[in-house]
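Following are the structures in question.
Both complexes shown next keep chain A, but they swap its partner, so chain B is in the first and chain C is in the second.
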Partner chain A sequence: MTETLKVTLEKRAGLAVIYTEGYINNQGGEEIARVAYEQIDAGEKALVLNLQGTKIVNSIGISILIEIIEKMLEIDGTLSFCCLTPTIEKTFHIMGLSQYAKIFPDEASAITELTA
Partner chain B sequence: MTQPPVISSARPEFWSEFIELTQTLGSERLLVETLLKSLSQQVGALGAALYFDVGGILERQISVGGDLLPVRLDPSSGVGDPQVLRVPGGIVRFRMQTGGDPGLQPAAVATLATATRALLLSERIKRQRFEVNYRGVELEALFDVGLAIASTLNLEKLSEEVLLRAVSLLDARRGALYLIDGEEFTLRGTSGGSACERVAAGGPDVEALLRMETPVEQQVMPGAQYLLAIPIDTERGRQGLLVVADKESRQGVGPFGEGDRRTLGLFANQAAIAIQNAYLHREALEKQRLEREAELAADIQRQLLPAAVPFIDGYELAGWNRPARHVGGDYYNFIELPDQRLSFLVADVTGKGMPAALMVSTLHSALHLLMDRQPLDAELMQGLNNHIWGSSASNKFITLFLGVLDAASNKLRYVSAGHNPALLLRAGGDVQQLGAAGMPLGLFEESRYAFGTVELDPGDLLCTYSDGITECESPLQQEFGVEGLTDLLRSGADRPLPAVVRAIDDAVLEFAAGADQGDDQTLVLLRRQT
Partner chain C sequence: MANDAVLREVSLTLPMLPDMEIAASKTATAMAELMEMGSDRIDEVRMAIVEACVNAFEHSQASDRKVYVTFAVIGDTAPEKLQITIRDSGVGFKPEAVEEPRIEEKLRAKSKRGWGLKIIKGLMDEVAIESSSTGTSIVMSKYR
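So, the complex of A and B:
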């Protein structure tokens, strides 16, 4: 049967970090968006998306991530990514996500820079 | 972020405020949202939403006043509704408390239409840019898979790489990769969901799957609605299947198109190259292993041959062997006996390579064991025959020429088990052939053997050899022959035996003129010194 993306949220050093495990497709992207928008509605202006548990993302998933980035830009907030596979990182660069969202190699460096 | 100001079409400064908004707001989306908020407030609406026609369905793009209006609408639902305003690319729907006409002023309608048009165009440009970028991702993915294939021979890793790329680039919800395993395809990887473990190869199931016939598709990937399967074909035939299921869009899942089939075909081709490479690599490793084993066997066999020629006062001795492969079925040896006696032999096992080498090993062991226990006579030969007969396949046998030289009396006792006659080149020039007096070893049980005796005079040369020398063929299929060997022996009558051996070696190689050596070649020479 179809597997769905698992999304969890943790607060790390005051930052909202969203963890994913699985395929970021339409269903997975919407689940990430749901959690992200809840955080935006709760006043969060900096979100970190830790994709350590994700090996694969499709175009629908990317378009949803772009919408989240746009939403963050509208509120003068930031969405950052960390722990990307080389394939996903390259995809984000080609698709232009890295122009509007920071990409960190690991969560520690993301937290250090975003809380500085 | 500062909230954008609310503007009203009822005020004379509306136009200038609108123009100001277009210059200050960061996006077309925010402009439309601000207008909707302003106009909703102005007309006393509970909320409003902009819908764009997306594939025949009106999808909500922007909503103000909470979540009052539905996410999707049927395109016909707004016909005749006074709360619905047609705008470029879709509609704006107001939610009035009374359900009546919001009564928008022409200026409000004009600005709303302008803003939604701008938003529509900006969304189109964004989508087109997205699609162009995504083509770049596709090309990069194919390039990366090609690089991965070139840089690793790990089939598991490559299979996963190909599957993940195919599933993501085709926007498939699920995927599976099968590789051939005997009579069926075995699941080697899945992405996004489960798939059945095995699919019978070559049967109707696979053909139906490739034709996208629904009942079988559902067996392959339970719960999937749409499947696309492409065979992974190599020079060795069909090696696997690449299957993806349920093409995603924001509206749900649908079937795959012809472009998707082509893209999946490219990935299947990449997988085929990876599989072919992996097979070739495996075969190369196996070949290396066999070569190492053959080298080891050759080392072992070399140790069965004499490390040095023994010294017998008044005689010269030489021995030489060249196997056709790493190991061979020819064997020669010198065995020193008490009282100035020497035994020597040349043997030839039927066949070549490893099976023949194993029989050589058997002969070597059996002969030495028997010689430790009993005299070297006809009875020993009979025992040797029985041992070989009992320990070899029915179609395997050994020919052998064995001599026992008594250097004190210059007498040579000899026995031949079906071997080529030894050539005794007398000092005077005559050639005597010492022929067979028994059947080859291992051919029949209880074969009998009889020894003959000759006396060796000064200058006499005895040559025992295997048929790999005399039956060596030229490129024109002519044989080197006994005559060729005899001529060389004659011409070497005055030369040391190692020089005679070298001359025979060179002559045989020259005769073969680079043709493959068809059989093992062995030579033992014994000459009574003058």
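So, the complex of A and C:
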């Protein structure tokens, strides 16, 4: 019984959107980080993590997302989130992630603000 | 007010294997749906139980490599709250000694982990922890 996270990427003008589908646990977080670090290495400074396909996360997975936030802060970049379930958004607020990563209700509003 | 009668109870024994916390979250969902809890509140229960199970898997050092979970629907005549007990027979810990994680410190720290209890307390209505050298029980409840 292993839940596998599917991660896909779409490049947009001025940013990259990472889509997830499934449970963000340790392995899922590492897969997101792998894709994110490839984009950072390629010079991308704005990443959006679209979690529409993710209904559950655990704190080990989120701790890997914190590593990505740290990396983005180091390069004066931003990691933003969109399309969170109310519970995932509440969890991010409990943890304080929203102080360091913007949370948008949908992808369109994220792109509008980040590419303005 | 509820008189804390157990209207329905389900028990699970989980081996400490990858993603077994999802089995617990599915049972929690079924129990919460049975008592007609709102979907957002069910999601919060799911997230909290995942954290409690992952904590036990990662930290308990239980020699039997098992976690025991009991789901109880509590109420007087109608369901009022879902009470979940997660128990292990591990080495225990001192809950009062667990430092509350702070994002500004975690961002600079080598280890970004240690969020489980904070998330559980933030998502559930009631949380009680009992721990000794023979094991740990977390009892957490969510009202309908």
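Points worth noting:
Here, the second predicted complex is superposed on the first by the 113 of 116 C-alpha atoms of A that agree within 3 Å, B and C clash if a C-alpha of one lies under 4 Å from a C-alpha of the other, contacts with A are read in each partner's own complex, and residues count from 1 in each chain.
In the analysis below, a contact is a pair of C-beta atoms (placed from the backbone, for glycine too) under 8 Å apart; a residue touches a chain by one contact, two chains touch by 3 or more.
Predicted, not measured: the structure shown is a model, and the values here were computed from it.
In the superposition on chain A, A:Asn25 contacts both chain B and chain C. In the superposition on chain A, A:Ile60 makes contact with both chain B and chain C. Within the superposed three-chain model, A:Tyr100 lies in touch with chain C and out of touch with chain B [touch as defined at top].
Contact with chain C, but none with chain B, is seen for A:Ile69 once the two complexes are overlaid on the shared chain. By the touch criterion stated above, A:Lys90 is placed in contact with chain B and with chain C alike.
Overlaid on A, the two complexes show chain B and chain C touching the same residues of chain A, namely 1-3, 23, 25, 55-60, 62-63, 66, 70, 73, 87, 90-91, 94-96.
Those residues of chain A whose C-beta lies close enough to touch chain B in the complex are 1-3, 23, 25-27, 55-60, 62-63, 66, 70, 73-76, 87, 90-91, 94-96.
For chain B in complex with chain A, the residues that touch the partner chain are 1, 26-27, 29-30, 129-130, 133-134, 136-137, 140-141, 144, 164-165, 167-169, 171-174, 191-194, 222-223, 246, 248-250, 252. Chain A contributes residues 1-3, 23, 25, 55-60, 62-64, 66-67, 69-70, 73, 85-88, 90-91, 94-97, 99-100 to its touches with chain C in the complex.
Across the interface of their complex, chain A is touched by residues 17-23, 25, 40, 43-44, 46-47, 50-51, 54, 58, 101-104, 106-108, 111-113, 115-116, 118-119, 122-123 of chain C.
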